[in-house]
Each structure stands twice: as structure tokens, then as C-alpha cells.
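Take a look at these structures.
Two complexes are shown next, each including subunit A; its partner changes from subunit B in the first to subunit C in the second.
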Partner chain A sequence: MRVGIPQGLFYVYYYPLWKTFFTDLGVEVLSTPPSNRKIIDQGIAHAVDETCFPVKVYFGHIAELCQEEMDYLFVPRFVSVERKHYICPKFMGVPDMVRASFTKLPPLLSPLVDLSRTDKHWRKEIMKVGRHFTWRGKKIEQAYQHGMEELERFRQLTRQGYSPPEALLVWEGKKLPLPGKGDLNIGVLGHGYALYDEAISMGLIKRLREMECNVYMVEMIEKSYIESRAATLPKRVFWTLGRKIAGSALYLHQQTDIDGLIYLACFGCGPDSLIGDLVKRNMQDKPYMMLTVDEHSGEAGINTRLEAFCDMLRRRRINSESNLPTYGQLLYSLQGSVEGP
Partner chain B sequence: MGNSYIAFKALLKGLDLEVILPPPITQRTLALGSKYAPECACLPLKTNVGNFIEALELGADTIVMAGGWGPCRFGYYAQIQRGILEDLGYSFNMVVFEPPDTGFDDLIEQARFLGGGIRFKEALSLFKFAWNKLIACEKLEKAIEFYLPRSEEKEQALAVYRQGLQAIDMAESREEVHFCADQSIQRLKNLSCRNDIQPLKIGLLGEIFTILEPGTNYYICETLGLLGVEVKRSIYLTDWINDHLLAGLVKKSRRKKIIKRARPYINYWVGGHGRETVGYAVEYARRGYDGLIQIGPLTCMPEIVAQTVLPRVSEDKGIPVMTLWFDEQSSAAGIQTRLEAFIDMLQRQKSSYSREVEA
Partner chain C sequence: MNCYLGIDIGSVSSNFVLIDEKGRVLLDLYMRTHGNPIRAVQEGLALLQEKVDVKELVISGVGTTGSGRYLAAVLTGADVVKNEITAHAVAAAFYYPHVRTVIEIGGQDSKMILLKNGIVYDFAMNTVCAAGTGSFLDQQAARLQIPIEQFGGLAAHAQQPVRIAGRCGVFAESDMIHKQQMGYPTEDILMGLCEALVRNYLNNVGKGKKIEEPIVFQGGVAANQGLHQAFERNLGMKINIPPYYAVMGAMGAALLAREHIENVRHSTQFKGFDFIVDSDFQTQSFECKSCPNLCEVVSIRCGDQILAYWGDRCKRWESSIKMKHSRLKVI
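Coming up: the complex of A and B.
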């Protein structure tokens, strides 16, 4: 038995769980290589223009996988991973979108992950997936338990400073050194499936590290800090990832040793468009840059902006430029915001 | 949102509040909105920001806004808008009606803030009055959707329709409201209507705000009516209020049936009206409509899910579908051209089909 798992969307958050679960049930797991140009082009061909880039890339991975022989394709329907919080409408419709966009598909395994009201049904969904491969309920339960343990081990690695894709490699047994120390501390925010996919974010994290920056990611911050900061917002952010991003931004904003923040947004992403603005308005005295990506491939543009941002941060330290306002104020006026009514 | 302002105005006026209506959506509204709102936000947020600025300029001091708990972006609109307007230096109160998250306390408190010392019984009769205005408006809207394509004096028909809305707005009692609506409908009927022709029938699907607010959809219903097409919308506000705010108490709801129709194309809730859009597409195809048009604000997440699925529906049921996205940059001429082209195509398909049948 073979199950295909496309390397996109929540792969970066849950792969250890999925892989362990299926392997324990005696299933061979088939995955795609990290996103590349060919995969992206296939995705663009299959998805409608208006979807966000990560979903298009996901479609590309499915197209790539479909060239192989397999018994099932694993496309979970992520609605909510915790109470009263959602992921995003597109995630809720991903299996339907996949079914409508591809003509030749292996049968889909799409468990429903909806913990928004109750986690009662979740056990049943796991069983339903496991029953395709074994009839022993206990074995399925053990496989899931083992998967969760592995997931925890993976998350431990991200807390140490590995970026999630690096942590995945380490988790699989590769030896990787922890990233070296640089002189700038930069917080990097964004949805993980975009930020940590090198093809989508154009290697944002790698580039920053090459520019001698220490990169701080959401996964590295203590959960309780994020939650307590997120709770100060005027309204609970009802997207799980959005809440984490906003909470981390507020936390990093308070840390004096963080020099600046970069927010990687996807063009057309619903949560990003609002959370980006929310973060911007709360970021009054810390340099903050928003990068929006879509399927354009101008790496030079990204590089230039990153270099300029880092240069500016370094200069702020050494001379009087550190007095320049970071947001919402004219250089030559000392009071008020730029545009009054 | 569209003509619903008539009902809301009646409601708030009854509460002894002075109502400042934002001017109708114009180029300036959109320009203001897209200048201050986040770039990638969807159109309703931008339009609202523009509306609010224009209303604040006219001296409003309180903004009433609805909320929600996701996953659609609408739930977070009010907070973002407050941030934008406060940074611009306006001072105002914002009353946000949120569906209860933990308890009903907030909701009651906010209603008190708006309502002052009003009694429950009075409030109930106010609601009833506003509801009647809403129903009357919709009756008239449905009438114009039916008579406009059949009428030979289209400009005249539109004038009657607008006068009718005004009269409903002015009406002081429930009887008067319905009298105004019925009278206008009668006048529409009398305007040399050709009942012998069978106009093209198009189902208009999509996101609620874009469907209800003609200012954001370039008056698509009227445009289609002038082109001689009968339009049926998937969303009428009374249905929505009945389904979502009143738990289906006022009238029989078709929502369950429509959601069932969306299977197997969409099998789960996708936020917003994505699933309803697909459900109505199937429903309209079954009823023998000639074509479907899906509209929504650019980057609307639920509608994108629906858009991805609609070609499959179109293929299975044999009904042409077109999707139009609106943002602050679309121009009326472009929309007009695309609509005309779509309708020409439908017309041709229909006439060739009928010729085949005759032969």
C-alpha cells in the first residue's frame, strides 16, 4: 500500500505525525521533492488564477504526485485545529477544489480536522483513515500516539532554532549544525506554509542568514508569551495562525534586542491582508517591512529589499539615524500623523 | 448594503437617533477606501472605510458595524476599520454587534447603548416595522428584476422603481409601506410589458455584499435588465436575516435544501457563502436557467473555493458560468462588454437550440 502526501500547506507543520502514523500502519509514504519551478508551473496551470500562491503550489505537488502509482492521496480538510479558531476558508475547501481541478485522481484520504466546537469526532476520523489499512483499532490508536510523540520531538527541534524545514531534515536523521550567529536580530512572520517553503518565500530565511542575521520565528517563541500578547488585542483573532503571528509580533516588538520585523504575506491571502495591517499599526517604533509574494519570480527584487532593510537596521545603530521615526510620521514634522482628516 | 439602508434607517430613527446616511458609493468613496485600507483587503472593507469617512465628514459620531467569528475576514473588519479611522484622527464611537462569543452580555450592553431607555415592547414593534420595509423593498426589487427585461420603456421602469423606493423610505406606517410597494409594482406592470417574450434567465451567485450593493457591482442587475435579461439573485437580505439572525423563525428556509444541492461538489462548510453559491448553481441549472454569473470581491476566500468548483458544475449540468471579480479598479465599460459578450453567447446558444428542436 502506498499513500501520497503532497509537500505543501500543512506538510511543514504536521509531516512527522502523518509519516509516523502511516509507517506504523505498514504503509509506504510517498512524497514530493521541495517545491521547484516545474511544480509551481503545474500548479499555476491547474488552479484558478485567484487562489493564493501556496494553494497553487499545493496543486502543483498533487500534479507531480499523480504521475506516480499509489493507492491513496492524502489531502486532509483542515477546518480548525483548536477550539473556536479556524485556519482559512480555502483550507476548508481544499479536497473539493482538488477533486474539481484534477480529472485523474487516486482515491482521496481526506479526514476532517474540525476541533472548533468539540474534539469528539476527531477520534472517529483517525479511525476512518486507519481502517483503510488495518482493522485493529488499537494499532491505529498506537500509531496516532506514536505520531504525536514524533510531532512533539519535531517541535522541540524548531524551538531550538532550526527552521521547520531544517527541523524536518534533522528529525529524519540528518545532521545539521544550528544556524550561526549574526549581528542583527530579525523577527520573521508569516504563514508557515509560505514562509518556510523556499520556492514561495524565495529563500527568505536563508538569505537573511547569509546577510548575518539571527532569524526569530514564531515556532521559537514560548507559547505562553504569544498567547498572553495576543490576548491584549481588541478582539480575539479567530485564525489560529493569524493569532500566533499577531501575538509573536507584539512579543517581538517588546523585546529591545530585536532590530526589526519582516512579514511575508501572500498576495490575496485573506488573513494576511488584515493581520499585516494590525501588526503595522502596533509596530510604532520598530522597523517593519511587509513583503508580498505571488508567483512572480523576481529574486533580485527580494534581495534588494532585504539588503536595503538590513543596511538600514545596521546604520540605525551607529549614527543619529536611529532617531528617525519608523512609521506614520513625516521626517520633518515632529508631531502628529502624516495624514489628518 | 443596497436598499437595506431604508430598513436600518427606520430602525435607528425609531430609537430617537439622528441617522447620517453615508452618501451613495461614488468614485470618491472607493478612492478614499482604497487609499487608507490595507492593499490586499477585500472590496467591502475598502468601501466601508470610504463610507465611514464620508459619514464622519458629515458629522456622524457613532458607527454601527456588525462582527463575526470567522473564518471569513468580515469578522475582523470593525477592528481594522477602527484602527484606520483613529490613526486618521477622527474621534467617534464604534458599536460592533458581535454574535455572542462567551455570553450575551456584550450584545445587550451595546443594544442598550444605542437604544437608550427604550422598552422591549417598543423595540420589538420597531423591528417589525423595519422588517416590513425590508420586505417591501425586496418585493419591489424582485418586481423590477422581472419587468425590466420585458418592458419596452426601460428607462421609465427604472424611474418608477426608484420612486417606489423613495416612497417606501418616506412611509410612516406599515400599511403605507406595503401600499407604496404594491402601487409601484402595479405601475411597472402597466408599463407596456411584453409578456409574450421569454427573456434569457440568469442566476446571479456569489458573495453577499457584492450582490446586495449595486455600488460595488456596477449595477449589474440593472445592466442585465437593460440588456433584456431576467436576473434571479442567490441572496436576498430577508432570507439571510431569517436564516442567520432569526434561526429560520420568520419564514420557511430553503437553506438546507440548497446546501444539500452543493454535494458532491462541496461537502463541507467553507465559510461565507461558498457552499450556497455552488448549491444555487446546481439548483438554477435544474430549473433550466440559461446561464450563471458569479460575482464577488477580489480575493474573497469562500468564493474562490466556489469558483474552482463551478467549472465542474457547468460541465456536469451543461450550464455556462462566468465569474466576475470586483475591486477598486474595474471600470463599467469593461464589465458591460463582458456581460454583453456573455449574453450574446447565451442568446445564440438558446436560438440554435430551439431551432434544433423545431427541425
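Coming up: the complex of A and C.
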């Protein structure tokens, strides 16, 4: 038996769980390579015009996957992954949009992920997926348990400083060095399925590292810090990812060693337009830049903005350092007649 | 005499500035890129060569900026390659040391740069939309058959500017056509467009930014008196237009080249006027088939020698050249 998992949307958050779960049930897991030009073109051709770019790219992955023989295609229906918080409504419709857009599809496995009120249904959904491959309930439960353990191992890697795509490679057994140290500390925010997809974010993280920046991501921050900062907002952010972004932004804002924040927004993303602005209003004097991406592949725009942002941070730092009386010069000149230190 | 050359290759215009060691402008050139940055660089340098006695001047440093900065750097052997924001800020702070806000509107970009003590501390650029930039004004002027040079002057004579939608270039155009068919005078429509663009700029680029005086307005669009007036009216503040407003990016690049040569590297990599003007530069693009990304790779060559590659995401082509360069340097 073979199951196809497209490398898009929540792949970057949950792949270790899915992969382990299916493998433990004796299923071969097929996936797609990281997004590339061909996948993107196919996605744009198949997806509805009005969706955001990451959803279109996801469709491209499905088109790519459909060239292979497989028994099932795994397209979960995400509604909520925790109590009283939700995922963008587009995710709810993804399996339906997929069915409507493709003519030849293997049967879909679309468990309903809705933990907004209770996790009782979720257990049933897991069983339903597992029953396609085995009738032994215990085996299914063990596979899911094992999957959660592997997911935790993966999350541990992201906390160490690997970006999620790097952590996925390390999780699969590849040896990767931790990213090198730079002289600027920059917090990078955005929806993971956009931010960590090199084709969608135009390699934002890679570019920043090439410009000698240390990149701080939501996944690297202690969960309790994020939650406590998010709780200070006057109204609860009911999107799971949005809350994490906002909480992380508030946390990073308080850290004096973080030089600036960059928010990667997708053109046409509703949550981004709200959270991006919410973050901006709470930034006060911390440099903050919002980048909006869509289908374009021209690099001049993103390069100019990133270079200018880094230039600004470095020049600002020189300026603020020279205002500090560390060398005794400024103190002397300010006080004029007072003897130098 | 030692002097520094700044080159700004933008989407619409290509600008060249020669400054002396004190930062005085010896020569400035503003010309259209016409979609061919290589020819623009060659023509610009050929014109410079004609206008000044090159034998008397020694080019001690070259800086490039603008969206074509990498290309221009490869052709000329630039010492500094800087983004437009830093370049514009440096130039503005050179003429107005206390400047707090720089409004820069170019061909495809509009920017707002906020400075404190001569240092950029915040900036914003237009996002996905290029409404309200030079190329949109160009297009509208062409549609109305008004030379772009007269656009601002005409607009400034408006009695009662009409209301034009400023959120989107397409809506603005349909509004303009509608008003024109109703018989509103052209200058009132032009001024209405200026007002709309200013509103769009302040609400989009300047959203949430605190605009403080002194304000400097630069970039090719600063030639437009209509926009100048509209900005002053909307903000209720005085707007300064620097003497070389159209070439401030190139000016900044020249100043940065001077700073770099004086502080870091003491000799220039400039390839010389004759080499740049007389060489036959060719570009070629191809689709790299090494992986499914199918990157569009561009190569710049001069005769048999390949000067640069770019456009490949994995840098397989780009880095192959850099290695040769560094090897050459060692020898």
C-alpha cells in the first residue's frame, strides 16, 4: 500500500507524525520534492484563482504526486488543532477544492482535525484512517503514539536553531551543521507553510543568513513565553498560527538583543493582513518590516528591502554605540569643562 | 583631480553623477534606460567621456545602485554596490544634514525613509502595487498626449482639482477617463491625479509613519510641480527639493564609493572608460535543466569571457564564476 503526502501547507509542521504513523502501519509514504517552478506552474493551473499562493502551491504538489501510482492521497481537513483556536478557513475547504479541481485522483484520506471543543472525535478519525490498513485498533493507537513522539523529536530540533525544513532533514537522518553565527539578530515571522517554503518566501531565511544574520523563528521560542505575551493582547487571537506569531513578536520585541523583525505575508491572506498590522502597532521603536509575496519570481524587490533593512540595523548600531560614553570621548565633549575620565 | 562616479540604473531612468573629493557635483546625467541597462551604462559613460576631459580626472571609486546595480557593477568594476534606500538616504543627508523624512518616488518604486542624526532608522516601500510611481504618470501623460515634462506645470495651474480614486492605478485611470468624458478641464484632472497619488503614497507607503520636518522630496518624479504642491498641501509642511533631485540615488552611490575608498579599500576596481564603452557585452539567458526548478539563468559575457551569471537559485552557475575571479586575483 502506498500513501501520497504532498509537501505543502501543514507538511512542515506535522510530517514526522504522518510519516511515522503510516510507516508503522506498514504503508509506504510517497512525497514530493520541495516546491519548484514546475510544481508552482501546475498549482496555478489547477487551483482556484482566489486562494492564497501557498494553497496554489499545495495543488501543484498534488498534481506532481498524481503522476505516481498510489492507493490513497493524504489531504487532512484542518479546522482546529487546539481548544477554542482555529486554522484559516481555507484549510477546511482544501479537500473539497482538491476533489473539485482534479479529475483523476486516488481516493482521499481526509481525517477531520477539529480539536476546538473536544478531542473525542479526533481519536475516531485516527482510527478511521488506520482502519484502511489494519483492523487492529491497538496497532493504530501505538502508531499514533509513536508518531507524536517523533513529532516531539522534530520540534526539539527546531528549538535548537534549525529551521523546520532543515530539522526535517536532520530528523530523517541527514547530518547538517547548525547555522553559523552572524552579527545581527533578526526575528522572522509568518505562516510556516509560506515562510519555510523556499519557493514561496523566495529563500528569505537563506538570504538573511547569507547577509550574516542570526534568524530567530517562532519554533525556537519557549512556548510559555509566547503564550504569556499573547495573553496580554486586549482581544484573544483565535487563529492558532496568528496567536503564535503575535505572541512571538511581543516576546522578541522585549528582547534587547533582537535588532529587528521581519514579517512575511502572503498577498491575499486575511490573517496576515490583520496580524501583520497588529504586530506593527506593538513594535514602537523596534525596526519592523513587512514583506508581501505572491507569484513573482523577480529577486530585485526582496533583495533591495533586505539589504536596506540590514544596512539600516548596522548603521543604527554604529550610531547608537557612538552615543554611548564607552570610550569616554562623548562624555568629555558633552560636559566640556569637566576633566576627561 | 580625483573624483568618484555614482551610477543608478533604475527601471525607467539611468543616472550618472561625478563628484570630487569634497562631494561637489562635477557632472550629472539623467537618461532613460529604455529597457536596456547595458546600453544605458555604455551610453552614459560615453557621454561622460565626451563632456569631461577624462585625462584630467582620475576615477578613484565607483558605486552602483538601483535595481540594475549588480549588472552595472559587473560592467564597470564597481567598488560599492548598494541598495537604493541607503543610497538615497546618504545623498539626502549630505545636502540636508538634519533631514528627518525622505520622500522618494522613482519609476517603479516609491519609498519613504525616516532618518535620525543622519542615519536611517525606518523606511517603507510600496508593496505589491506600483500605482503612483513614475511609470504610471508616464503612461497617463502619454495617453493624454502631454509631454511628461509639462505634466507638473499644467497640473499646478488647476483651479479645482477633481477627485480621482487613488487606491489602484486601474481605478485611477477609469476615473480619469470618466471625468474627462464629462468635460472637466485637463489640468484639473491632472491635479486630481497628483492629489490621488499623494493620498495613496501617504496612506500606503507612509501608513503609521510619523512624518517630521525637514522633508526632502527626490527622485525623477520630484520634477512634477503638481505633486510637490499636493504634498505640501496634504502635509501642511514645507517640502524641500534638492538641487540634483533626479540623480540623488547616483549621488548617494558616489558618496558611498568615496566613503568606501577612503576607509576600507584604497584603490578602485574601475575598468576604465575605454573598456566599458568599446566592449561588446552580450547577455544570454537559458533555462537550467539540472533540477526541476528550471531557473532562468542569465550570463553576461564580454567576447569569450563570462563576466557573471545570475538567476540560479542554487548558485551553481553564480559560484562557478566567483571561483575563477578569486583565482585570478591570487595570480
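Convention: the second predicted complex is superposed on the first by the 319 of 341 C-alpha atoms of A that agree within 3 Å, B and C clash if a C-alpha of one lies under 4 Å from a C-alpha of the other, contacts with A are read in each partner's own complex, and residues count from 1 in each chain.
Methods note: a contact is a pair of C-beta atoms (placed from the backbone, for glycine too) under 8 Å apart; a residue touches a chain by one contact, two chains touch by 3 or more.
Given the structure is predicted, the values throughout are model-derived calculations rather than measurements.
Once the two complexes are laid over each other on the shared chain, residue contacts for A:Met312 go to subunit C alone; subunit B is not touched.
Of the two partner chains placed by superposition, only subunit C is touched by A:Ala300; subunit B is not.
Touch criterion not met for A:Lys139: it reaches neither subunit B nor subunit C.
When subunit A is checked against subunit B and against subunit C, the one touching more of its residues turns out to be B.
When the shared chain is aligned, no partner comes close enough to touch A:Arg2: not subunit B, not subunit C.
Once chain A of one complex is fitted onto chain A of the other, the partner contacts of A:Thr292 extend to both subunit B and subunit C.
Once chain A of one complex is fitted onto chain A of the other, the partner contacts of A:Arg281 extend to both subunit B and subunit C. In the superposed model, A:Arg153 makes contact with neither subunit B nor subunit C. When the shared chain is aligned, subunit B comes close enough to touch A:Asp272, but subunit C does not.
Contact with neither subunit B nor subunit C is seen for A:His121 once the two complexes are overlaid on the shared chain. Taken together, the two complexes place residues 267, 281, 292 of subunit A in contact with subunit B and also with subunit C. Across the interface of their complex, subunit C is touched by residues 33, 36-39, 198-199, 203, 267, 280-281, 287, 290, 292, 294, 300, 303-305, 307-308, 311-312, 315-316, 318-319 of subunit A. Taken together, the subunit A residues at the contact with subunit B in this complex read 47-48, 50-51, 77, 79, 84-90, 92-93, 95-97, 99-101, 112, 233-239, 265, 267-274, 276-278, 281, 292, 328, 336-337, 339-341. Residue ranges on subunit B touching subunit A, taken from their complex, read 37-42, 53, 56-57, 67, 69-73, 75-76, 78-80, 82-84, 87-90, 98, 101, 265-272, 274, 298-302, 304-305, 307-309, 311-312, 325.
Interface residues of subunit C, counted against subunit A in their complex, comprise 67, 82-86, 109, 116-117, 119-123, 125, 127-128, 208, 291-295, 313.
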